[in-house]
Every structure is written in C-alpha cells, then in structure tokens.
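Below are structures written as structure tokens.
Shared chain: subunit A. Partners: subunit B in the first complex, subunit C in the second.
Coming up: the complex of A and B.
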C-alpha cells in the first residue's frame, strides 16, 4: 500500500505514458500476430471512444455522429490512396474532412440539445450507405472500395495505430485537465452558468464537436490502412451503440477509461463466440446497467480506489467555513454605476417587470426586495442579458447592456450568483472559483493540448487570484475539496467567490442567504459589505429583510413588477406601503434595524 | 395517386409510433427512444401466433397488449426511474440501452430475416378512386386515426388526461396538487408499450416483421412528432402522414437513396426553423 501511495506522488502522466510506450513496443517484446491484430483494433476504437468522451462525457452533448466521422475518414483515406496518395497525407486529409463534417453537423447542434442533437447525429449514421451510393463512382457504392498496393506490414500498421492512440490520448488528456476541460464541465452542468461566466456556449460546443471529429477521422483512416477495404456495412448503428457502450463502460468522463471500455468489449467479441450472437443484448445491458449502477465506469472505480490508497477521501467537517473575524485588506474592485431606465419585460402578455428605473452605484450595496413573483429575478436576468427588455434601457458605466449577448455582458464584468447555487460536478472549489477567469484569459486550444508555457502561466495567475478571493470569502481551506458535494452554506460562498474572482464591475446576488443559518448569514453579510467597501457595485436580491437592511445602502421594493418604494433601509422600514404589501406591519421604533451594522467589528 | 396512398399508410405507422412517444412525453416528460421496438415485438408476436402456432391473428392483439404493457412497466422501473435524478444524459444512455437490448432479444428469438405477417385484416384489394387499396391498409390508417384522435380528446376532456397535461406543464406543481406523477409515468410507459405491441397484427402487413425496423422508424417518428409539436397528437397525425407522403414521392421521383438524405434535411429544417412544431407553443427560457 505504501509503495502505491508513493507511486501516486509521481506526476500523473508518467504511468499512462510508460504503459502507452510498452503497448507501442508490444510486437517487439513478444506479442503474437493474433494479439497484435486485436490490439490494433482496440487502438483504433480507443481513439474514437476517447474523442467521443470529449463531447459526450465532458461537454454533455449527446452526439452519436462519431460513426459518421469515422466513415468519412475511412472513405477519404481509401479514395485518396486509390488515387495513389501516400498514407500520411491521406490520413491528414481524412482528419481535415472529418473536422469539416464536425463543423457542419455541429451547427445544428448549437441550437439543439438532448434528444434533438442525439437524433440528428443518429440520422447521420444511417445516411452513410445513401451517401456512398450518391457518390458511387468514387466510393464503389454498396459494394465498397478495395485498395491494392501501398501496404504496411502488420507490425507497421500496429505501430501507426498504437502511436496515434498514445498521441491522441495524450493531447486529449491535456485538453480535459485544462481550463478548456473545465469550461466543458461548466457547459454540461448548465449553459446558463457557462453564459454568465462569459463563456461563448456556441463557440465551446463547436470547438468540442470539431475536436472530437478530427480523431474520429484519423481512426477511420487507420481502419482502412488495416483492412484495405471500406464499405457502408462497416458503419452501422450497431457500431455506434458499441462506441457508446464502450464509453459508458470505461467511464464517460475519462480519457484513459476509453481504452479499458473498448478492450473489454473487443475481448468479449473476440474470445466469447456466443458474444457475437448476443452482442446487441450485451451492449444494451451495458448501457442500462452502466447508466443505473456505475455511471462513472471503470475509470470512476479506479479513481475511487486510488483515493482510498492515498487517503484522499473527502472529509466533510460539520462546519466547513470558519467564522470570519478580522477583515483583511482587500484589493480594490472596479465597480461601476448601473442605471436602469424605465425597463419593462413582457412574457406573452404577462408583464413581469413594469417600468422600473433603478440606480446602483459603486461602493454601495443596492437591495432589491419584494414578494415572490414580484419580478426580482427577472430584473437580474434582464441585467445579465439572459432576457431582453421589451422596453427601456440598461447602462453599466459607459456601456449599454441592452441588446448585448449574455456572455458578452458577463465578459464586460457582470457577475452573478443563482437562487440555487450552480456548481459543476467534478471540479474542486479552487477550479470553480478560477472558472470565473476562463472567458478572458484562456490560452488557445493548441497551447493547451501541447502544454505550452502560456498555459501554465495563465493557470498560475488564475489560481493566485482565485485563492485571494477565496480568502476574502473565508473558504481558502476548501480549495482542494470537490465543490459540488459541499453543504449549501459553503456552496453559496463558493458561488460568491466565483462571482468576485473575475474582477466584476457589477455583482448580482440572487437570494444568497436563503437556506443559511444565522451565523452563516452574518458571515455572508460581512463579505458583501467588504466587497462594497472595496469599491464593488452590488445588487442584492434577498428575502432576509434583516440582512438586507444591515448591508444595503439603498433598497428598492418591487411589487407585481412595479417599483413600490425606494430609499434608505431606515426609510423603507418606516414606509407604510411597503409594510402593507411586503412586511405585514410597520415595525416598532426599537425594532428598526440600524445601519450600517457593525458586523465583524465585535 | 398510389404513391400518395402508400405514403399515407407508411405515414400512419410513423404516426402511431409518434403518438406512443407523445403519451410518454406528456405524462413523464421523457422521450422513449425504445418505443418503436414495442411495435416490432408486436409484429413478431403476430407472426408467431399465425405461422408458428397456427392460431388466429386476433390472439396476437391481447397477447401484444399484455406483453407490451409488462415490458413498458419493466422499462420504466428498471431503466428510467433509477436515473431520473441523474439528468438527461443518464436517461439517454439507458434509453438507447433498453432499445438495443429489446432489438437484440428480438434478433435472438426470431433471427434477422424479414418475415411476412398475416394481420387481422385481409390483403384483398379494393379499388378506391381508381387506386388499388388493400383492406389491411385501410385498417392501419383507421386504427391510427382512431388512436390519435381518441387520445387527443381523452387528454383534453377526461380528468386523467388533463392531469397528464398538467404534469407535462409543471411536474412539481402537479405533484403538489395531488397528482401521482410517478404512477402516471409508469402508466404511460405501460399504455404506450401495450398499444404499440397490440398494433403489431394491424401494422404487420405493411411493415413486415423486421428486427431492425426500429432503427429508422425511431427517426421518422421523431420527425413526425417534431413537425406536429412535441406532445400534440393531432400534430403527430399531420406530421406522420405528410412525412409518409413526402418520402413516398421522393422515392418515386428521385430514387430510394435520396429518401433518407432529404428526410434528414427536413429534420434539420424543422428543428432549426420551428423547434416547437406546427401546433406547439414556444416557451421562453427560464432559470
């Protein structure tokens, strides 16, 4: 056990690399011809499944079109080789063609999700024979296309496939363990969250479609080099289901898992004669059982095992966030003036926000209260660009926000939290907080895949500023904890930290105190005050009236979409209309909550 | 004229499957990818009843109903409900898994060759408006229309139907109003599975019994449903029949290889240009 624990201290890429190199050297260290052929197939399929995992597992896009890219790669390679092209240029052309098809099929995928995307990509697979027939003179139609000459030896083919697999897995592994991979996780969790972090959802989806198509094209080309023959029969839906089954079996959110998922299925097909006959039933059961019982696959089991050995088990103490005591000196936050002028929003005849004008200044907390359904969250959604106002204007600093796409609003410095915290699964707190910076400083895809220095620099600076924000919010000790499993209070703080980490010009907090205990509410109030004191512009939507009065400089009261009252906390508490509509009754003089509240100075 | 009629007949099969999609979609909010497999099972039951056991095809109706309903319940309990909390992707995986497993079982029992099915209606030919029409074809079209229209009126008139609509609108509020949404969900799987398997001896003369039939029909019926608007049964009739005619005409004028390609184009156009379908309402995104 101790040696294993030490082994885990080594860089995480070392063991897979050694295993990969051993695999590449296989035929020269005693692998026989039959095994070589099987491993060649496994290598090809692994490339496909690992790249499928990028879209399916990480980005959560249910795209079954991988088989179509595979088919296209195979046909392009075969046709070019028939025309006398050498192998490597043919393979490059195959990857390029698959990438182009990735763009074409990705375009509808931008607007579709779930089944819409699943079905269109599924459809693409059954089109393969039809398209082969349309281009019969080139593809040989239903009879297929054979290539003569230009053959590599079996060992040569194996070498090509194994090296391709090691390279593709390495590049994909770099990609998913980077800010790009985390952006995909954010997208999978919630496109709304991705948008509000300034990530371009369309761009991300398109990139992941392209990045998963290119290796599929390569795999198709390698398949042709192996078999010297291609026909539509090789690319049916069963193959598509096989890939999904292998993906689920290996673990969808994993790159190396693909190899094991493929290996298990390939081995069964090869060794268990009856498996051929039962293959459909078996794939079906893999999918159902995989989905229901071990949704993280072989990779998930391996990860749990690894964590047990190094005792990195997740410890969740009763109270994760210690009380904040001494206010730190904090870096200034560049808040700006937000002005809403006569903003109105209709939903099919239902007026959710009616002629609301509001000003929120830097260095101030602007409270927004009102009964349920009074339009508070709608107002936040209008400011963040998720809804477009029916009438009126929204201006932050010098910039008009009306008509600007939500991810651009976010990039322009509008950060927010959600009523129910949205924390992506599979990320540590530090990563979640750092994700606020992805939109503005993410290095290019190529730099990420090759781990160029720029990538490491961006990582380090993001990490430093994320840690600083976490200290401000009092959660720096949670940095390495998986964020989605934390208690509600801590998750809210993680969200607040994320909202602050991107140097926001405006912070929107949507009911941050709901579900928190009194101590946590006090801590949160202190954090909000700190942010405003550092120059931030804060809009706080909240039902905890005491807290709103304690931290706000100015309070706006909404009722049925209309502005009912505005003023200082003191004025609002004495306002009869507010009392009648929202509070129930006017408070007695001694019950008036004083402001500013000296929280933290105790 | 004959191509139009043949299109209407295939379209009726798409409609039937699309109505099955709708039943489950309205009551439980899920898209039952495995739905066409129930029809496939029904056609094989009809085949077995007549050719293997020498029974009347009418036996296949109740047999299909029971087997389909039981499989539907099994699907909901074993593959859908356990992953309900895990988000749509887990559900997509288990749905595809269940469909594949059903297809595999059919393949194991009956093999891969298409089998002709003698249905409840005869194949005798009538001349209607100068077109050759078989009784079996008329029966499948009439049956589909009856199921779709019946379901449409039932869901808008009966208390249970309205409860289904309410559930599809807002699951949580429906639950709070005392609607047993879990029971509705499993019930919808059972009814949709039962009706489609029961339709085996009715649709069989047109579709034949083919194990892989579901692979393409799932796409066509999905498109039929998308054209009409998800959850809308009159829409499913319009979508299914017009898709059937569309494909039939393409096959006549351009050749079979263009049928799927142009159907795919139509799917893209519908999903991108009018994702809510002809009869559906557009909903604005809400957090």
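Coming up: the complex of A and C.
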C-alpha cells in the first residue's frame, strides 16, 4: 500500500506513458501473432471510444456519429490507396474528411436541442450503406473494396495502430485535463452557467464534436490498413452500440478507461462464441450493469481505489473555516456605470418587469429588494442578456447591452452568481474559480493538446489570480477540495469568488446570503463591501434586509415588476409603502440599522 | 424530567458513507412546544433532521416517538406514526398542481381521510384553495413554502420538523411562515425547527439546542436556555 501511495506521487502522465511504450514494443517482447491482431483491433477501437468520450462523457452530448466518421475514414483511405496514395497521406486525408463530416453533421445536429445530435447521427449511420451504393464506382458498392499491394507486415500494422493510439490518448488527455476540458464540464453541468462565464455554448459543442470526429476517421483508416478490405456491412448500428457499451464500461468520463472497456468487450467477442451470437444483448447488459453498478466505469473504480490509498477523496467539511479578519488591500476592480432606462419585459402577456429605470455606479453596492416574484431575478437576467427586454435600454459604461448575446455580455465583464449555486461536478474549488477566465484568455486547442508554453503561462496566471480572489473571499484553504460536495455556505463563497475572478466591470449577486449562518453573512457583507471599495460595481439582490441595509449605498425596491421606492438605506427603512408591502410592518425606530460607512475600511 | 416528551432523541450518531457528521445528539420535543436547533452551516443540523426522519443510516443512539422506539423503522413508517419533515429549499413537485401536491402529502392515508385532510389544508391555507389548479412551480416563493408545509401536515403529524423554512423568502413572508408555526404549536403539534434567522427563531423557541461540529454544545428550556449572545460570539463569530 505504501509503495502504491508513493507511486501516486509521481507525475500523472508517467505510468500511462510507460504502459503505452510497453504496448508499442509488444511484438518484440514476446507477443504472439494472434494476440498481436487482437491488440491491433483494440488499439483501433480505443482511439474511437476515447474520442467518443470527449463528446459523450465530458461534454454530455449523445451521438452515434462515430460509426459514420469511422466508415468515412475507412472509405477515404481505401479509395486513395487504390489510387496509389501512400499510407500516411491517405490517413491524413481520412482525418480531414472525418473532420469535415463532423462540421456538416454537427452544425444542424447541435442546433437542435436535446436529442438532435443523437437523431442526426443515427440516420447518418443508417444511410452509410446507401451512400456507399450511390458512389458504387468508387466504393465498390455492396461488394466492398479491396486493396492490393502497399501492405505493411502484421508487425508494421500493429506498430502504426499502437503508436496512433498512444499519441491520440496523449493528446486527448492533455485536452480534457486543460481549461478546455473544464469548459466542457461546465457546459455539461449547465449551459446557463457556461454562457454566464462567456463561453459560446454552440461553438464549444461543435468544437468538441469535430475534435472527436477526427480520431474516428483515423481509426477507420487504420482498420483498412489492417484488413485491406472495406464494405458497408462493417459499419452498422451494432458497431455504434458496441462503442457506447465500451465507453460506459470503461468509464465515459475518462480517456484511458476507453482502452479497458474496449479490451474487455473485444476479448469476450474473441474468446466466447456465444458472445458473438448474442452480442447486442451482451452490450445492452454492459450498459445496464455499467449504469447501475459502477456508474463511472472501470476508470471510476480505479480512481476510487487510488483515492482510498492516498485518502484524497475524503471531503473535510468546511466546519472550521477561518473567519475573515484582516481587511486586506485588494487590487482595483474596473467597475463601470450601469444604466437601465425604462426597461420592460413581457412574458406572453405577463409583464414581469414594468418600466424600471435604475443606475448602479462603480465603487457602490446597489441593493435590489422586493417580495418573491417581484421581478428581481428577471431584471438580473435582462442585464446579463439571458432575456432580451421588450422595451427600454441597458447600457454598461459605453456599451449597449441590449441585443447582445449573453456570452458576449459576460465576456464584456458582467459576472454573476445564481440563487442556487451552480458548481460543476468533478472540479476543485480552484478550478471552479479559475473557470471565470476561460472565455477571455483560453489558449488555442492545438497549444492545449501539445502542452505548449503558452498554455502553461495562461494556466499559471489564471491560477494565481484565482488564488488571490479566493483569499479575498476567505476560501483559500479550500483550493484543492472538490467543490460540488462542499456545504452550501462554502459553495456560495466559491461562486462569489468565481464572479469576482474575471476582473468584472459589473457583478450581479442573486441572493448570496440565502442559507448562510449569521457569521457567514457577516463575512459575505465584508467581502461585498471590499469589492465596492476597490471600485467594483455591485448589484445585490437579497432578502436579508439587515445585510442589504448594512452594505448598500442605494436600495431599489421592486413590487410586481415596478419600482416601489428607491433611496439610501435610511430612507428605505422609513418608507411606509416599503414597510407595508415588503417588510410586513413598520420597523421600530431603534430597529433602524445605521449605515456604517463604509464597512471594512478603517 | 419531561418523560412526556413527544419526540425524544438519545445519543444519536449518523453520517454519510465514510464520514460521520453527528455524534451523540440528545434532544426532545414536547407537544405544543417549539424546539429550535441552532448552529453554524455544516454543524450537522440538517443531518440530525434527516436521521430522525429515517432518511440517513443511524450509526448509534435511539429515536422515540410518543414513547415508542422507532430507531429501526424505515422512513415511511415513521411518517405513518406521525413524524413529518419539511426539507430545505421547498422541495415540492413543481410540475404538479397545488392540489396534486397536497394529495401526494396524503399518500399514506385512506381515501376518505385524504379528502378530509385536503379540506383541512385549504381551511388552514386559503391561498392554496385559490390556486389549487395551478402548477406548484408557478407559485411565489412564499406560497411554495406554505405548500411544502401544508403537504407535510396532510396526515396530521404529531411532530413536524422544518429545515430553514425562511430561506429565500422576503421579510413579510418570513413573518407569515412564523405565524403558521406558532399556530401549529398552539394546536398541540410538536415543532422541531432548524433556522438561520436566530432572532426570529428565538422569539418562538420553548427549548433550544446548540449544535457545533456535530455535537450538542448546550441545550435547555425556559430559564435554563443557553446564552444566545455568547453562542453568537463563540460559534457564529459575531462581534
């Protein structure tokens, strides 16, 4: 156990690399011909399943399209080789073709919500034999296409497939463990969150779909090099189900897991004749077993085991969180003036926001209160671009926000939190906070896959600024904790830190104190005040009236979508209309909370 | 004292998978009284309620309802015996109508009784009668909380446990929720309340239990109530 624990201290890429090299060297260290062929097939399928995991596991997009990309890659390679092209250019062409097909199917498929991509790709697979038939002169139609000459030895084919697999797995591993991979996790958790972090949801889905198409094309080409023959009946839905089953068995949210999922299924197909006969039933069984018994597949079991050894999995609840004490000087925040002019929003005849004008200045906290259902959150959604106003204008600094896509509003510096914190599963607090910077300074896909210095630089700078923000909010000690399992109070603070980490020009806080205990509310008030004092523009929607009065410079009261009152905290507390509709009664004179101006500065 | 406690929890320990969250918690709830459970976030308040309701595995200790040991009973039988739990965040069926939600609350009852209980619920919460055919998700936050409470009250529980019923509600609505609680108390129901709004909770409390890091640090009723200002300073970190 001790040695295992030490083994986990080594860099995470070391063991897979050693295993990969051992696999590549297989035939020269005693692998016989039968096993060599099986491993070749496993390598080909692994490339395909690992790339499927990128869309299916990480981005949460269901697609059977891998089979079509695989078929296209196979045909392109076969046709080009029949015309005398050498192997490597043929494979490159196959990858290119698969990428193009990815764009063609992804564009419409991803526009359709929900099962759109699943359906589009399903029909693509069903159509594969017909398409082969249409281009009979090139593809050989239903009889298939055989390639003569230009053959590699069995060992040569094995080498090509094994090296391809190691390279593809390496690139994919770099991709999923990067900010791009985390962006996909954010997207899978909540498209609304992805949008509010400035990520282009549609673009991100399309990118991941294309990126998973290209290796599928390569796998198809490698299959042709192995078999020298391609025909339409090699690519049916059974194959698609096999890939999904292997993905689930290995663990959908995993790259290396694909190898083990494929290996188990391939081994059974090879050794158990009955398995071949009832393969669809067996794949179905794997899917059910995978879903019920070990939802994260072989990779999940391996991770749990590893975590048990190093005791990484135990989430220490944030019971002893240090209270904020020292009011650190913080870096200036470039807040800007927000102006809402006569904003109205109708939902099918129901007027949710009615002619609201509001100003929130830099260096100030603007409180927004009102009964449940009075339109506060709708107003935040209008500002962040999730809704478009029916009438009126929204201007931040010099920029009109009306008519701008929500992810562009976010990129323009509008950050927010949510009534129920949205924290993606599988990320540490530091990663969650750092995700605020993904939209504006993401290194390119290629740089990420190859781990170029630019990628490392971007990561380090994001990490540093995220840690700085976490210190401001008082959650620095949680940096390496899995974020989604933390208690509510901590999750709220993680969200606030995420909203502040992207150097926002405007911060929208939606009931950040709900569910916090008194001490946590005090801490939060201090943080909000510090942000405003550093120059930030803050809009605070909150039911904790005491806190709103303590931190706000100006308070707006909404009722049934209309402005009921506005003024300083003192004025609002004395307002009879507010007392009647919002507070329930007029507060006693001594209950009025003086505005300590400004909290947190000496 | 208080052998007449309606709900008696003795030395209760519980937790999640590898992690123990509460240790040897003792508390009682009397008929027609409010017991308030206070503590920081993560202190184990919700865990205590869930364990009493039978929704978490008990690691040790016992739970008695009306003098009967229910520690080994599954959650649904505890409900049948008169124990109700209103969980945090207004967990109602948002895509069902108000009336359907209420009927779901009376799932364990016989048909005729269920209809009676429905009429009773509408008497107690007239706003729900007005909105009976609307989807629960379309109600305002305060009305959703009322619905959640009314749903739990359908089978006429002897003890009702509420987990932060004021969260996310406007001050005026919080007052309504507390008014409902005091009315239940006056009708003889035992109330176990978890609440972050310390002042409001103190105003209705007959008995207080302070929890920190999964253990009871102080408890008492009447003159023996714990010093709340000290609690604020020590456990909530307030000045």
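The rule we apply is simple: the second predicted complex is superposed on the first by the 590 of 602 C-alpha atoms of A that agree within 3 Å, B and C clash if a C-alpha of one lies under 4 Å from a C-alpha of the other, contacts with A are read in each partner's own complex, and residues count from 1 in each chain.
We take it that a residue touches a chain if its C-beta (ideal position, glycine included) is under 8 Å from a C-beta of that chain, and two chains touch if they have at least 3 such contacts.
Small disclaimer: the values here were computed from a predicted structure and weren't measured.
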Exercise. Overlaying the two complexes on subunit A, which is it for subunit B and subunit C: clash or fit?
Worked result: clash
Exercise. So, A:581: does it touch subunit B (first), subunit C (second), both, or neither?
Worked result: second
For this session: Identify the partner contact of A:545: answer first if only subunit B is touched, second if only subunit C is, both if each is, neither if none is.
Result: second
Problem set entry | Touched partner set for A:489, first subunit B, second subunit C, both or neither | second
For this session: Could you say whether A:239 touches subunit B, subunit C, both of them, or neither, answering first, second, both or neither?
Result: neither
For this session: Go through the superposed model and pick first if A:517 touches only subunit B, second if only subunit C, both, or neither.
Result: second
Exercise. With the two structures laid over each other on chain A, which partner does A:31 touch: subunit B (first), subunit C (second), both, or neither?
Worked result: neither
For this session: Mind working out whether A:206 is in touch with subunit B, subunit C, both or neither, as first, second, both or neither?
Result: neither
Exercise. Does subunit B (first) or subunit C (second) touch A:395, or do both, or does neither?
Worked result: neither
Exercise. Taking 92-100, 164-172, 200-208 or 236-244 from subunit B, which overlaps subunit C after aligning chain A?
Worked result: 164-172
Exercise. For subunit A, what residues appear in both contact lists, the one with subunit B and the one with subunit C?
Worked result: 419
Problem set entry | Contact footprint of subunit C on subunit A as seen in their complex | 313-315, 317-320, 323, 369-373, 419-420, 487-490, 511, 514-520, 522-523, 543, 545, 581-585
For this session: Mind listing the subunit A positions that touch subunit B in their complex?
Result: 56, 60, 62, 108, 111-112, 114-116, 118-120, 122-124, 126-127, 129-131, 133-134, 188, 192, 237, 241, 244-245, 248, 277-292, 295, 347-348, 377, 381, 386-387, 418-419
For this session: Sort out for me which residues of subunit C touch subunit A in the complex.
Result: 18-19, 21, 39-43, 88-89, 140-142, 164, 167-176, 196, 198, 213, 232, 235-238
Problem set entry | Footprint of subunit A on subunit B - complex, ascending | 31, 33, 78-79, 82-83, 86, 88-94, 96-105, 107-108, 215-216, 218-219, 222, 226, 257-261, 263-264, 267-268, 271-272, 275, 284-285, 287
